[in-house]
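Next come two complexes, and both contain chain A; in the first it sits with chain B, in the second with chain C.
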Partner chain A sequence: MGHGYVTLVSADGFEFVVDEEAACVSKMIKSMMQSSGGFSERRDNKITFPEISGKILEKVCQYFYYKLQYTDSRDSVPEFKVPPELALELLMASNYLDC
Partner chain B sequence: MYVRVKRARTTMFLHVEPTETVLELKAKIQLATDGDDCPGGYPPSRQKLLVGPGWHSALEDARQLQELKVENDMCIALVLLNKVEPPEGSPEGTEPTEEWEEVRIEEPGASEPAA
Partner chain C sequence: MGAVCSRNNRNNDNNNSDRPNRALRRPRPRTPAVKRVRDPSTSPEFLDSLLPPPDTLLACSVRCVAQSLEGWHERDEDEGDIENIDTDDEGDVSRVDLSVLPSDLSQRVFEDLVQTRRLTARVTGDFIGCHLTEANLRSYPGLTDDWLAVLATSAPNLSSINLSGCAALTPDGFNALAACVELESLDVSECPGVNDNALAAVASMSRLRRLACAGCDGITGAGLRYVSGATKLRCVNLERCNGLTNGLVYLSGLTELERLDAGWCNHVDSNDVTSLRSLKKLKHLNLARTKVDDQGVATIGSLSALETLNLAGCRITDGACFLLGGLTALKELSLEWCRVGDGGVRRLASLAKLEVLNLGYSSVTDEGVQHLAPLVKLREIDLDSCQVGDDACKALAEWPNLEDVNLSDTAVGNLGLKRISKLTRLRRVNLSYSNVSDDGVMYLENAASIRSLSLDTRMVTDEGLGYLAKLKDIEELDLFGARITDEGAKHLRHMPRLKTLELCGGGITDAGVKHIGDACRELTLLNLGQNFRISDAAVPFLLQLHKLGSLNLQYSRISNEGVTQLSQLSNLTTLALKGCNRVSQAAVEELRAKCPRLSEVGLDNATASA
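Up next is the complex of A and B:
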């Protein structure tokens, strides 16, 4: 994987390549990437989430970029839209990822 | 803003400016795809980016993203130029041809209810 990027892999095998900066919106991923060695995740910059489906993980990545874009922004912040049928799973994922 | 570049089961989230050209976006894709399974990444000349219904319109290298109405969070399909080996039985010395792969994007299905 390219420098400065990290690949997040969902339970059903979908891969999402995101900026490290974006992925670090998740405090859980951030601490994983900062820990010095031990994690195989650090070496190939690929993190698998056996409990998160591709549909949810894509929404999570969209949230990372939304958050980066509008944190400290003076412009009006649009609402981050979540389809009601994803709400519960997304809540569980955000709890797990700490974001 | 960012765009989502999709091919098969992979989605790349890439930061872009509306004033950037398509070629600059392709250079970012090359950087993001550089890794063990593809040293050096996909060169821009072997990438084609498609948008619109049925992914029918290709983005031209020299145009700016804003001219092409590329917006935040938009999905863009990536296809690659592949080498096709000549079929068996071809006369010796037949050069491999190159052709663009078909658009192939797998979307995550309806999510399973949480256990």
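Up next is the complex of A and C:
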């Protein structure tokens, strides 16, 4: 998997361009990227999530970078803050994305 | 100082030296702590410096949902409290509606609440419509009848509930569970509130497969009538139900039953056992320490599906063994503490599938054991305190799968050890108080499969320990009364994986502790009691043993200064300092303050508990 960017598209049409490495914090996205079955996602590096709203997907992307920064870190790990009003939707999204 | 090396010092109580108490003074070794899997190419020092990885987003979200549930109710409770009425718009945050979640996710939130002890009766009510399937509330603090009623109403689809150790529950609370008609597993062990009436709830649980009521003294037997309709039951645990009389009759219709545990039920007798005759699928039966005698074994002998049978401490004789000989599916049998001798034991030779046999404290002799030679599948044999010697070992040598051998307190000597040393799968060998000496230990030179070895006898010395250099993977070594000195302790450098070590023969000084500290970094238990020459100078070597959880330094010369330094052992939970007259109570208190995990310190005769 070469280094590049991937575009994540929310149900309401918002686009988030993130590092491939960050996106692969999600095991579900990772397996999509790695599968050589010629997914359309693989060709144009764009993945649409018809069940995840822009607000939630933004938070998910923040988490990807948080996870990258603090994995194998020697600094103390701050808590990843989840706004209570997003908690339920984020719970379902994280379950789907496996991260 | 005659008592210095006596085993009586090992525990603080049980000081009688009669035979029966030996068992009490020699507890089975603890299960080793879970091993952390490590990449061997990375140095432990580096990995230890890393912090745990960040939580998954799922875990963060679960935690947040759990917190907002709790917060919502707190705000609710604060209503009317003038200081807490804010003008901000937080009050508009709508109540968390868990029913939008898939049931596996609401289950996760529930489990997080339980683990973090945030679950309350009101939060439980929020799970209405969530289709929770499991509630493990074992020893949950403050769980009341009303709360349990909320659970039963909000989660009527539960398939498994564990309420063991919930002391505040009464029969009324348990009766609320009648609403959970889909229950397959119910555990109310160690609940003092369980009595015959509490079991009435079970009558509506037609899908119940597993019921555990261990340690519920309130069950008299009549209560089991409510269980009689639960015909899908596979597993019933009634262990230590001391009020149980004439109750097993209600189980006679449970023809699917595969496992019944009625061990230590003081009033269960042969008449009760007669009711089990119809349980043709029973595979596992525990009747240890009940009043069952030969007459009861007549019934048991007809349960041809039995694979494990525990009759330890029952009043059975050789005649019973004749009846057991027909149970050819048996894989595990315990006749520990039974009055059976050679005449009976020879009848067990027909149990060709037997893998585990416990004849400890029975009347069997060499002759009886030799009759068992055909049992080639045996993996474990316990002959603790039997009148057996080297001739019995001829039979043991015939069992190629033998892994676990207990010959403690027997007349087995060097010749016997030579005979069994040829076995290639030995893992646990107990030769405490046997007649084995250094010359016998020599035969274990190549027994590299051994993980646990007990050579607690005065006839083993430094020379014997020297023969064990090839036992590189050994994890437990008991040389309690062996005459090991600092010279012998040098040999421990060949045993880097030792987790437990006992050296209490009096010959270890500070120099010997250095050998231990340098070599055995995996130690979690170290017993150096009765080595009266160990002083504060040994403490720096002990501090190298970071994993140490249990340390015994009783009757040593350690002083206040040394004890204070032990606070650096961050995993220490128990410390024995009996007879250390240079240690003051104040020093112990200071140590306690620095070591939050330290739960037991034995000083003199008073064992203080935090």
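Rule of thumb we're sticking to: the second predicted complex is superposed on the first by the 96 of 99 C-alpha atoms of A that agree within 3 Å, B and C clash if a C-alpha of one lies under 4 Å from a C-alpha of the other, contacts with A are read in each partner's own complex, and residues count from 1 in each chain.
Just so we're on the same page, a residue touches a chain if its C-beta (ideal position, glycine included) is under 8 Å from a C-beta of that chain, and two chains touch if they have at least 3 such contacts.
Just so it is clear, the model here is predicted, and its values are computed rather than measured.
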Figure out whether A:Ser53 sits in contact with chain B (first) or chain C (second), or with both, or with neither. first
With both complexes superposed on chain A, which partner does A:Leu88 reach: first (chain B), second (chain C), both or neither? both
What is the contact status of A:Arg74 with respect to chain B (first) and chain C (second): first, second, both, or neither? second
Just to be sure I read the superposition right, which of the two partners does A:Glu20 touch: chain B = first, chain C = second, or both, or neither? neither
State whether A:Tyr65 touches chain B only (first), chain C only (second), both chains, or neither. first
Can A:Cys99 be said to touch chain B (first), chain C (second), both, or neither? second
Starting from the residues of chain A touching chain B, keep only those that also touch chain C in the other complex, and list them. 88, 92
Quick check on the complex: what are the chain A residues that touch chain B? 1-5, 10, 12-19, 22, 44, 53-58, 61-62, 64-65, 69, 86, 88-89, 92
Chain C to chain A touching residues, read off their complex: 49-58, 60-65, 67-68, 71, 93, 96-98, 100-102, 104-105, 109
Residue ranges of chain A touching chain C (in the complex, touch as defined): 60, 63, 66-67, 70-77, 79-80, 82-85, 87-88, 90-95, 97, 99
In the complex, chain B touches chain A at residues 1-2, 9-13, 15, 31-36, 41, 72-73, 106, 108-112, 114
